[in-house]
Amino acid sequence: MAKQIFDYQNGDEVKLTVLVKTAEVRQAKNGNKFIAFTFQDASGHISAKFWDASEADIAQYKAGEVVQVSGKRELYQGNPQIKLYSVRLATQEEGNDPSKYVEHAPETADDMGEELNDFIFQITNANWNRIVRKVLGDHKQAFLTYPAAKSNHHAFTGGLAFHTLSILRLAKSVAAQYSSVNKSLLYAGAILHDLGKTIELSGPVSTEYTMEGNLIGHIVLIDEAIVVAAQELKIDPASEDMIMLRHVVLAHHGLLEYGSPVRPQLLEAQILHDLDELDAEINMLTTAYQRVEPGTFTERLFGMDNRRFYRPEKGQGYPDPK
Amino acid sequence: MAKQIFDYQNGDEVKLTVLVKTAEVRQAKNGNKFIAFTFQDASGHISAKFWDASEADIAQYKAGEVVQVSGKRELYQGNPQIKLYSVRLATQEEGNDPSKYVEHAPETADDMGEELNDFIFQITNANWNRIVRKVLGDHKQAFLTYPAAKSNHHAFTGGLAFHTLSILRLAKSVAAQYSSVNKSLLYAGAILHDLGKTIELSGPVSTEYTMEGNLIGHIVLIDEAIVVAAQELKIDPASEDMIMLRHVVLAHHGLLEYGSPVRPQLLEAQILHDLDELDAEINMLTTAYQRVEPGTFTERLFGMDNRRFYRPEKGQGYPDPK
Amino acid sequence: MAKQIFDYQNGDEVKLTVLVKTAEVRQAKNGNKFIAFTFQDASGHISAKFWDASEADIAQYKAGEVVQVSGKRELYQGNPQIKLYSVRLATQEEGNDPSKYVEHAPETADDMGEELNDFIFQITNANWNRIVRKVLGDHKQAFLTYPAAKSNHHAFTGGLAFHTLSILRLAKSVAAQYSSVNKSLLYAGAILHDLGKTIELSGPVSTEYTMEGNLIGHIVLIDEAIVVAAQELKIDPASEDMIMLRHVVLAHHGLLEYGSPVRPQLLEAQILHDLDELDAEINMLTTAYQRVEPGTFTERLFGMDNRRFYRPEKGQGYPDPK
Amino acid sequence: MAKQIFDYQNGDEVKLTVLVKTAEVRQAKNGNKFIAFTFQDASGHISAKFWDASEADIAQYKAGEVVQVSGKRELYQGNPQIKLYSVRLATQEEGNDPSKYVEHAPETADDMGEELNDFIFQITNANWNRIVRKVLGDHKQAFLTYPAAKSNHHAFTGGLAFHTLSILRLAKSVAAQYSSVNKSLLYAGAILHDLGKTIELSGPVSTEYTMEGNLIGHIVLIDEAIVVAAQELKIDPASEDMIMLRHVVLAHHGLLEYGSPVRPQLLEAQILHDLDELDAEINMLTTAYQRVEPGTFTERLFGMDNRRFYRPEKGQGYPDPK
Amino acid sequence: MAKQIFDYQNGDEVKLTVLVKTAEVRQAKNGNKFIAFTFQDASGHISAKFWDASEADIAQYKAGEVVQVSGKRELYQGNPQIKLYSVRLATQEEGNDPSKYVEHAPETADDMGEELNDFIFQITNANWNRIVRKVLGDHKQAFLTYPAAKSNHHAFTGGLAFHTLSILRLAKSVAAQYSSVNKSLLYAGAILHDLGKTIELSGPVSTEYTMEGNLIGHIVLIDEAIVVAAQELKIDPASEDMIMLRHVVLAHHGLLEYGSPVRPQLLEAQILHDLDELDAEINMLTTAYQRVEPGTFTERLFGMDNRRFYRPEKGQGYPDPK
Amino acid sequence: MAKQIFDYQNGDEVKLTVLVKTAEVRQAKNGNKFIAFTFQDASGHISAKFWDASEADIAQYKAGEVVQVSGKRELYQGNPQIKLYSVRLATQEEGNDPSKYVEHAPETADDMGEELNDFIFQITNANWNRIVRKVLGDHKQAFLTYPAAKSNHHAFTGGLAFHTLSILRLAKSVAAQYSSVNKSLLYAGAILHDLGKTIELSGPVSTEYTMEGNLIGHIVLIDEAIVVAAQELKIDPASEDMIMLRHVVLAHHGLLEYGSPVRPQLLEAQILHDLDELDAEINMLTTAYQRVEPGTFTERLFGMDNRRFYRPEKGQGYPDPK
């Protein structure tokens, strides 16, 4: 089978078939245009610059195309990139099918859907159970394919479902350990909390914020969907349990500064916020570790307050992060 | 006609028929209970302490009762209060009708309702016009009687409508001065912006936050009502104009820290936020000035970052704030 | 068996044998002194005021004494207290043994010690394992009896060990779910992270900060102990694994503003911080819920940014928090 | 008549006579120098880069020169720019008069001066009236030609007077609506509030901060001028009305963080601050909207906390911002 | 000679002739009034409460009176106070002269004035020298008697001059150590920096903020005085040296949040700010240490961000802070 | 003698033998590599860019090499740089000894060591004296050669010792002026406070943070060394004087946000923090002034909150900062 991006080391001459993830056209200081590419395949993504691009190049090498590239992998300011020798569109025979080159969750949509159903089954409050089935049902396809964020964490196909499932697994442990926790509420909140991202973001590929995403935001968008669903299911949205569910979803960013219109005022709202952060952080750090050598620091991570993290040398009972 | 609270000066012996606005039972340091009263009539409100209250007193003198009090008006830490000599329930003959003793907006509900209709008439976008009529219609009675806040500003019967109308009048001037402003959007946003307070607060008398108010908040509550109304009126909530209207309402607190889930991203959203603050501040300051003598400072105002304001001596073209 | 504090309801006449947890002497506004008591037994703690205390009373009813009280349980500003009728020292026959009246962790010191050993057994890095055994061994007795904090969370006998164990259980789930986590490092860090509290705090009863606690703080105190232990065990404190362990402990408050001299720069440091917060919050909220009725809000919680939390009505799959 | 900058669309070949507003010499990454131009005419300003500039080019094409340029208008990172083909100095015949190419207020200096006089006429407090006439008289010419800021808002010839007048018009509406407002004080404060900018800034063209502007700031500079004027007019600067006027001017930035040495403590000081912000924001947003297409977002606006604003599609009662 | 306040220990019966520094009338929770006294003599000040005060008591025992008191010194919440047995006005024979009972600087006005002159003599820039002589001359009497602050630091007669002199002595050491420092500018700035307090505060006894102090503030008040003095002395206030002097004075609070309209932009402005803080802090801490026993913590110090400081046991080369 | 970097003016043709301080390889926008040099000799440091660098160039011109360069000194964005004509390695004859080209403290290591001994001699508390001798002895060589910081202040050979000595001289003045100060404690704290930088930083040349420096930080590193030294010297680290010494060192950054795990709670801790800042600021500003012309502003200074400082024209008693 053909080699993938992360099968190469720094310094290697590379020959790859990859998907153009982003292709930003910029102007070099000599007045010429260049394309700042991000290429990806299932092993991850890497950047590359295409200098002195003609209008024809710009028209041809757009996000979504599969291309054949040759070049050299090197380090640039601590991050791997490809120094390009050549680029051309891939032919049919070479495997010109974009879906084969996207990063995706480590589990299939089917497996994730099934495990999700098991969690829904354990939501014993009837209103919450019906609302979850209804709202999730309305966005099921997007839920299983969207990323969880544009770039911060779980930024891959299926990332939204995988992030949700990871939180649910943590929630299961927490509910097992602390008897005061309302498992049904925690599960229902976890499943719905980021579902508004299917409206806030444009889709699984070349993900951007929609106008609605910018002006309303995923937190309120899903709260509105819950209220509309309640009306359709003839559930009173002002009943205590429905207020609780809406609250858990609305408060999940934890702080007003992070966009939640209310701070957590229920135990389960606080826990959901904590587990959401925990899973996102572990994903961000694990990904960042994979991109640097043992014994060095990662690049500054925007989602971690611009901190750099240290990847220890191997050994010492430390698992290999790759 | 009988004298009212603010017809008396500090040092005067007073004799008044007043409404009990709040009656908090507290424990004195000698172990006895006392009642911390706020009395009100149409001229304003004043505090008073009832020492060594028996269980019978506590049961009798509750918020909502009309009472006959005698005592002496004095200053306590810069604020007027009544040193009580006696309290008893008012008789029918003495005018035992709570509604006669509440503070209220300086205009009648009818007048305000009529002026409001004139503004609605000028909303030329059909979707916004229909949404405003529908959502306002669903909460019309409460809108005309609720206060605009529990205590900060416009905390009197009809305060919500009066605050809304004051903003609309400012909005009219602004739209006349700046040709780039969308008057319809600004008016529609102004009318709806605080309407969620009719759900967030318990009512015009002895106002408290409802559980729904605490856990969801008036900003999201009215946004939900807009979306539900759109569904009933068969208006697509995701059309650009509906997203704009929802945004203007959601963003009206201006900052995430103040509870808006998004910051203003439309000119009209920014203007509505500014005018909302301007009118609230003028109301707070005018009220605070009325409670102190010229040539002195007001008490610290919670809604103004705990600043004290100076009430100048009369003259100098300075209007009398009372 | 005799009734305990939380066997009574508000309004009940009470008769109790309790331990004086704190006895602050204050001056009432009439110039007399009074004692502000906190009483406790194994069911929890409650406050009470002893008015017009004589010098003899003050000398007699000190923290650490067991007393016999009668009075009435009532609500004061949303919190239960006892209105005192009488207080006297308990006799030998009545059970004058302070250790019987303290709140304590829900598990015994023996059980906790044993489970802890299981966790230590899984620390496969030899340096970390030896350091943990050495430092923990030096403070074992205190570790099993001290509270985890003066008042915020786990403020009961054995609270430090119980909090540590709760984090370890969460850590076990996290390590099982995420393969990139170094379990040995996470366990070693969790066990040591708050051990400096045995130096920072004065002890399990009438807990205060020591001078050393105020001027150095538990984070640095335990880091120093690790370095000294390394010297004694002939382990190089500047080896990579020892720097990692010290870092995980030093960074566990997460933010410089919270007293960590460095922010987390290792995956395990970040996770330990998150789990520390999560367990502390669940403990604070569960405790606060137990002190109020369903359908009401807790008092403002200092450790939760002064938020009040809502305790829902029963039912809806919501477990009874007590 | 010749075409102006904003008569062209993106993609058009352009031929323009324009004023060099700024000409910054920078070093390209190939070691050569280039000139980063901002060109302007009465329709607005636009940027352009002149690559591989010789020392002669640098000496010739300076801020303040009128030049003849040809090139192509295009979009660069969301903002329009000119890709230059050629530049040369304009000849006399081509209209080499810088004053014809500056952006200027939408009203003439004469009209603005006249309307200003009407407002001054309504300042009924004699001290304030005399101070305003004196201080304004000392800076009249600069007041009518300076911009209101270096770049944030009203950054065009006459911008200072136009901004002041816009605030006065808003102030007139506010004073008409709220009877507690001292109109004389509000007008006097509004006229003087930014007058110190005539000392803080270098002038209407190629505006920079003066050394005095940096080290003292326009707020204190105008306060000093008021005190000196009072001395010359034999008005006691410590009389209550003079303290009030100085306060209104000193406090107009609203917050200490924004450079006011005191926060507003008079109703009129608060209102002036609010109207100052409102007018500046509307100007910034209207200008930003004009530079982008309907249905897109503006660039990040420094003066609006780096927010981007959405310019809606046309229609819906939305006026055309251009 | 008669004993003074701090000649007594806690627990002592006291008999004192003291000045009433403050006498606030408050209402006890039983409805009666009491007087919260601060008494002072040259040894310091101490608080005391006078319960059940009659109107006659209130009229008689006002700030500024010398009284004869008997009572007992005791600790209240960590601070010494007098439990009063009796109070009466002092007779002529007992020494009824308020000036004998005020706290004052440790040096005489004459000595301080003389040392100050030596510093002025070393200001070699003629403009700065003349301005300092003129402005200081206009406020000389107040400068030598006012406190440096209402209560934070150097809150005693002559405190302003003593604080100024202490900064000058530090400045002398700094200028001697660092050759890049402009000694003339640093001295001139130090002498003038707090001189506006003679306008901001009401006087050396019962010190309050004046209206002018609240609405303008001492920083701008002295800057205005400098500009007016320059005019009278025919010095151009816009010359570079005058801008530098004004800047050093205006910037001395260091941060905008602390009321400086500009931050330091000259080396000497930064140094003056640092030395001002250093001297104020040493004064606050030394005073606080004197009020507590060795081996204990001070009360929380408002001027030190509410920190408590530890006063060590004697010995160890630690000088006795008393 | 050969000319040094700062013997040349802007515009001069230069010919220099200099040390390569840093040599960062970057990628130009045309895809080629260039080297961003910092050159230094005893007169200071200056930057220069080497365009189109070959792999051989990159391998040859590394940090630590002495090179012969020719070029032209010019200003780039307000800072001097060298436009390079040629670079080659210096020969033996030309003086290829790196130690001759480093910036160094204005005093010799011997002189500084001697003066330091005088200060140590005055530490009269035996424990502090012995600890200082022991810990300093363990790091003496590094202490006398390391810089005090990577780039902010005193970033030259011997900077750490020089900074320490400057603080000690200030401390001497302060202790002489204020009798309440414990001179021994202040001196001991000053000597040790930054000694951890010998572990945190990599060395005097091409200074970087070590892994230990990043993960532990110099404040805790030196505290650990103190505790280990106490153990070796059989001094109880928990004695009051040792806690005081550790506290003074731990608290010297003043704020938790700046990395101190505790805020100052001793007078001497507060003073040390203040003097540390004062000396660092004077060093930063004096250095920055030297790099710009009189009558201009410095570049933005990172260590001074990004402020720019004004260097006044000569004269006016202002010493020449060079």
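For clarity, chains are labelled A, B, C, D, E and F in written order, and residue numbers in each chain start from 1.
Throughout what follows, a residue touches a chain if its C-beta (ideal position, glycine included) is under 8 Å from a C-beta of that chain, and two chains touch if they have at least 3 such contacts.
Just so we're clear, the structure is a prediction, and the values are computed from it rather than from any experiment.
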Co-neighbours of subunit E and subunit D - touch as defined: B, F
Least step count from subunit A to subunit E, where 1 means the two chains touch: 2
Per Cα centroids, the chain farthest from subunit E: A
Same or different residue numbers at the subunit C/subunit F copy interface, by half rule: same
Reference subunit D; chain at largest CA-centroid distance: C
Whole-Å gap separating subunit A and subunit F, where each centre is the average of the chain's CA atoms: 44
Computed distance of Cα centres, subunit F from subunit E, in Å: 38
Subunit A: positions in contact with at least two other chains: 29-30, 211, 214-215, 240, 244, 265-266, 297, 310
Each pair of chains that touches, named by its two labels: A-B, A-C, A-D, A-F, B-C, B-D, B-E, C-E, C-F, D-E, D-F, E-F
Subunit A partner contacts - residues on subunit D that touch it in the complex: 28-30, 34, 49, 51, 76, 83, 297, 310
For the subunit F and subunit E complex, residues of the former touching the latter: 123-125, 166, 169-170, 173-174, 177-185, 240-241, 244, 263-267, 270-271, 274-275, 277-278, 281-282, 285-286, 289, 297, 304-305, 307-310, 312-313, 316-319, 321
Partner subunit E, residues of subunit C touching it in the complex: 27, 29-31, 211, 214-215
Residues of subunit A defined as touching subunit B within the complex: 211-212, 214-217, 219-220, 223-224, 227-228, 231, 237-238, 240, 243-244, 246-247, 250, 256-262, 265-266
